[in-house]
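Chain IDs A, B, C and D follow the sequence of writing; residue 1 opens each chain.
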Amino acid sequence: MALATVVASCSLVLGVVPISASAAGGINTSAACKGTPVKGGSLTYARQTGPVTLNNFYPTNGNGDIFADTLLYQGLVQPDPKGTTQNVVPAVAKSWTVSPDGLTYTFNLRPGIKFSNGTPVTAADVVFSLNYFANPKLDETAVLAGGFKSASVVNASTVKMTLSAPTPGILYNMSIFDAFIVPKALVTKQGKAFWNNPVGTGPFKLSKWVRGSYITFVRNPYYWEPGLPYLDKVTYQYASNDNTRLLDLENNQAQIADGIPFTSVQNVKSNSNLTLQPAKVPYWVGLWMNFQRKPFQDLNVRKAMQYAIDKATINKTVFQGLGTIPNSVLPQLKYDAPNSVVKPYTFDLAMAKSLMAKSAYPKGFTVTLQYPSGYSEYTNLVLILQAELAAIGITVKLVSMDQATMTAQYMKGKYDLTFPYAEFTSDVTVPDEYATFVTTYAGGGYSFFSWWNNPTIAKMVTTFTHTASESSRAVQWPKIQAAMMAQTPFINIMDLPFLNAHRNNVCGTYLNPLGADSLQYTWIAK
Amino acid sequence: MSDLAHLVTVPWRRLRALGSWEITTGIVVVAVLMIASLLAPLIAPYPPNQIDVLHSLQPPSWHHWMGTDFVGRDVWSRVLYGLRIDMLVVAVITYLGLAIGVIVGTVAGYVGGWFDAIVGRVADTVIAFPFIVLVLAVIAIVGPGLKGVAIGIIIAGWALYARLARSEMLAMREQPFLMSTKALGYSHVRAIFRHALPNLVRTSLVYSTVDVVVNMLVLAGMSYLGLGQQAPGADLGSIIASGQGYLLSAWWITTIPGAVLVLFGLGVSLIGDGITRGDLPQGAL
Amino acid sequence: MLAYTARRVGVSLVQLLGLSFLSFMLIHFVPGNPIATMLGPRATVQEVARISASLGLNKPLPEQYWLFLGHLLSGHFGQSITFSQSISSLIGQRLVPSLALIGYGTLVALVIGVPLAIVSALRADTSVDHGIRIFTTVSFAMPIFWSGLILGIVFGLKLGWLPVSGYGTGFWGIVRSLTLPAVALGLSLLAVIVRTLRSSIRHVMALEFVEAVRARGFTTSRVFVSHVFKNAIMPTVTVLAVNVGFLIGGTVVLEQVFQIPGLGTLLFQAVEQRDYPLVETLTVLAGSVVVLLNLSTDILQAVVDPRVRPGAHSV
Amino acid sequence: MALLTVAGLRIAFSHRGGSTEVVRGVEFAVEPGETVGLVGESGSGKSLACRSIIRLMPAHATMTASKVEFDGRDVLAMSAKELRDHRAHSVGMIFQDPYSCFDPTMRIGEQVAETLRVNAGLEGDAAKARALELLESVDIASPEQRFRAYPHELSGGMRQRVMIAIAISASPKLLIADEPTTALDVTTQAQILGLIEQRRRESGMAVLLVSHDFGVIAQACDRVVVMYGGYVVEAGPVAEVCARPQHPYTRGLLSSIPSLESAGRRVRRAGIPGQPPNPADLVAGCPFADRCAQVRPACRELHVALEGVGDGHVTACPYVRDGVPVTNAGGSR
């Protein structure tokens, strides 16, 4: 979920904490939350960015839109709302079956499920929404509907979806904002106006929206999970300024805040009223090397760089030990093999030096590194990188840029080294999307604008994404992971969690594995 | 704007006769800050970017006069170095803008005609253009950092001086001494630069005491927004911004550099004040 | 009077045209593409090209400028790229907080500044005058974001009187949430008001007519209110108008500090996202405010002070 | 009994580092209905001296006097309220520069009417009607039109007429005219002086005419007071002083007027060499000593005091009589 969002000014979200997939990481286990959940109450959530549109098919402000959409709507399936696994679990569909050839999906709708305006969800609504999802004119991320052929009504509570080729990743793509289920009749009738006052099957419904300032949701009385949500009212209060969110939290003007900056981790930890909640998400610091530049075409150089970068030190000094040293060039995704199978690059200066000596550039070379301005983590990070790469003869010139400029330069291939997106997360928990992006050279994609072209790995990825069998996919991916790690076309500097913080009496603050929360389990202890 | 000449030149003459407490105090304050920042490498007790995590967020003490920040850098040392870069940049942008503006304005006022018309309209447009947008756009083009801010401020800043100089030149053109230089057969260039310019520069110099303060604030503001000085380099705005998150627990990181900024502004303003005897030139800011 | 107004309006129109050109060129010079910025990592070259074409961003620049002028003149300003809304409705939503902040800030500056200026002028060169001057100079030298932060800490967090950030609901909610930023804005404006008013009061007080009026046996307050102040206030109004550009700048920063959903925040986002039409429109509008205020103060001055009128001549 | 008696008047300006006395013990008197001239170069203190009558001091100036008595009342002892009444009803004043002594932002008629409303308690239409009457009485043609004019739209002479209208609106007992004609051209000067004289005759008020121009004084006044360097150096009936000037300064002033007929023309006082003194430079002795052709050492220690020479004619110079140096005269004082 949530791709790079460009957040105003100096905010930053770099998350933290090496948690295992268990969600215990930040879930409040304080005494107050041991009791039975209490119904009622209202919650203010200080968020760093807010929605500019509630049209889930066409978000224009990244997480700002998506996090609001997640309260309002749901898809047929959803990412595990408690974040315990990276799997998809039932939502609007109570269950589904996949034909053995992987081409036909049959979804059985949840009996009695209703939209927040009280009208029942019908198979027609689902078909309408899936067609929306696959229409590039209507859905900004229709690329995620790759493989979709058609959807049809089987009966009032059953929908059939057929694919043109086995594309198991589509189920994960359908779990997120781009395939949420909306009422056909209302959308058809109201057109654009629908999105100003939308209805969905999420736990909350829209109450009041002051654009740019706050948005208030109230309980959806027709929500399908019995007894949920606990809260009567949720207000997302937007504050792009990190400091403001923290102050709001400390001041109890807000009870949860997202995007806790690294520099404030100690601050939050030392405040006895607050709980820091790191959540594991596919969030990473991806360093891009431009393959149009000769030195980076040399595998020895790329590997030397991997060995020269002391990720443990970076984790300690920049990310306060809360990151995870990656064993992939991509973020942490489903099917990833553990370190015992695919080893991370560990700091080894001697190895790095010998690789450089073996390369075409034994005396080193000079490159520029473009990095996003306004993020103190990045500033600290690039200084360390500069020093560490200097040790193997690579002279790095630092150039800070604002996000828009950096993205433009990146897409035009005008860079040597760059961090294309300051806040870089995968939309989905499975590797299909990013693996495809990073290996698709043709058609103007240039392998995610790295100009890396490796047909072998590309073929492995294509096979993987079109394998219907879950067990086969689980076998294939670690091989791709290892191959990419060996080739190291990108350098994943660090895997990071999302960092939220909440007041101690706020309980059940689960994030799904993509970092979004729908707050149906959240309650406030007395 | 023509009142300005009166507001300024008359008190200027008086100043030379009198001197005043404002000027004395102002000069002392600015001089102390300037000397301290120039001597930063000698008097700063620590390197400005030296991290000492063990001693982070220390309140002001004998070891750290202004305390330390969240990675244990000495705030006093950072303030000294920050002030140094800020003063340098502000002096350069203000007086470069002044020089450009005065020259363009003087020439425009002197030669008149289409050149004057164009300069006048361009200056008016730049003045009407929201300053901050201009600076933001230039930063977006040049890239974040002091360079972008400086270019932005100069692009916006010359216009007021040009307008000032132009209107004074128009008035001065009719004055006998300039007409007489013409009668004596001096060239235009000589007439402008030898005779008119020194008179015009005086007004602009007085106005620049306001401009210096404003530019200092803009510079700090941009650094605060993350668009000016890039970490780890220190300037007052970025030090203030870096302490924001610790306002409750470590007030000194934000408040003391802010106070130094205020002190500098106060010093410069007092000098300007002494010259104008408390009468702000119109159109200031 | 008519000829003067016409000429003055003409000059303003030229200025506005220059303004629109400048803002158009400036933002198109800036590297970065609004679509790529909006789409993030999902952006493929084709997708960016497709959406750009659908928004007319692939047309030649002169044509785009022409369209932009057309939008400006028609008054609906076209469509924002990133906010997928019409710019006029966006501005409609964000205008009130900004105007309220500017108005409230100016009010604070006037409420504090006018009495200070009067005292300062009447007690010129006394210690009271010096004290006021130091106070206003300090307030002028304070970075607006810094005073905003300090005010927020003291009155928001320590004392808990006012909210630290955000934009309240209802009249009093808005007043409460805007009080701290307005005070910060007002403080930054204080020096200009006090000094201008002080010097024009002193200037007017030294005029012979004031002595003449005093000689008629009028009370000091009558002399001051109906003669001195009336003559002295106009330069202050002019200076306020001139400083609207400065106020807009302060508002952009303060909206960031206090997280107020106003035009400043919108502008900041628009620049960051390279939302060309939005940046252009906001810039031209902000510039227009400055241009129009200067225009109207000039004309107002001609009305209030008959000497300014062209064709007014003494025999 | 005199309408106005001023004695021992001292006025000083305070500034950084002390104060400078610019009026140094002046005395003069005005009888009801008479016109008294106060003559002297700029800086002589005459303008300040005349303002002492209504205690209209500029900022930083302080006045002290042993006596300022008007119509039997002690001006020095007046409360603020009494002083306002005094200014509003007993004394009218007109000023040198009719260009700048009106509120530039207020219509002429409104300025007259305001005075009437505030000082005479007239309301609305009554004030306007009376204002029009007054404008007419100072020979302003088509007062209805002028009523709506702004000050800058009137000529200097016209403005001075309006000023006179305002000054006499309360039928004061004394009109102070501080250089009323200096800023006007010759023809207008004569008209204005004529107007003042006419109003004086009609109303029986006294006039204190302040001027640097002896010609004007000679033409318009009954008595004259000559000031120099903050002192009164000579005083007496105009005819007497003109005929038998005693003080060398007065002689110089008179000699710079070619003839009485040219009264009113601005003439360089070629008769007196040197510049008028800077008040701050005057320490002791006769203020005119530096420029006096007949100066003698004793002048530097002279205690300036007026001495009668007959017929109400007084002079501050003990050493010269009718242009001839005398020995020992008055030196003992």
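Annotations for the structure displayed:
Rule of thumb we're sticking to: contacts are C-beta pairs under 8 Å (C-beta built on N, C-alpha and C of every residue); 3 or more make two chains touch, one makes a residue touch a chain.
As the structure is a prediction and not an experimental result, all values here were calculated from the model.
With centres computed from CA atoms alone, C is the chain lying nearest the middle of all the protein shown. With C-D and A-C as the two chain pairs, more C-beta contacts join A-C. For chain D, the chain whose average C-alpha position is most distant is A. Computed centre separation for the pair chain C/chain D is 52 angstrom, with centres defined by C-alpha atoms. Chain A and chain C have centres, each the mean of its CA atoms, that are 40 Å apart.
Averaged C-alpha coordinates put the centre of chain A at 91 Å from the centre of chain D. Centre-to-centre spacing of chain A and chain B amounts to 45 Å, using the average Cα coordinate of each chain.
Counting partner chains per residue, chain B has residues 140, 225, 244, 247-248 touching two or more of them.
For chain A, the set of residues that touch two or more other chains comprises 9, 247, 250, 402, 404-405. The set of touching chain pairs reads A-B, A-C, B-C, C-D, using the touch definition from the header.
Residues 70, 139-140, 143-145, 225-227, 230-232, 241-242, 244-249 of chain B are the ones touching chain A in the complex. Every residue of chain A that touches chain C in the complex is listed here, in rising order: 3-6, 8-9, 52-53, 55, 58, 60-62, 136, 140-141, 143, 210-214, 237-241, 244, 247-248, 250-251, 253, 402-405, 407-409, 411, 420-421, 424, 427, 437, 443-445, 448. If you check the complex, the residues on chain D that touch chain C are 54, 56, 58-59, 83-89, 93, 95-97, 99-106, 114-115, 118-119, 150, 152-156, 163, 166. Those residues of chain B that touch chain C in the complex are listed here as 3, 7, 21-22, 121-122, 124-134, 136-137, 140-141, 213-214, 217-218, 220-221, 224-225, 237, 240, 244, 247-248, 251, 254-255, 258, 261-266, 268-270, 273, 278-280, 282-285. Of all residues in chain A, those touching chain B in their complex are 9-10, 242-243, 246-247, 250, 261, 263-264, 266-267, 270, 373-374, 376, 379-380, 383, 399-402, 404-405.
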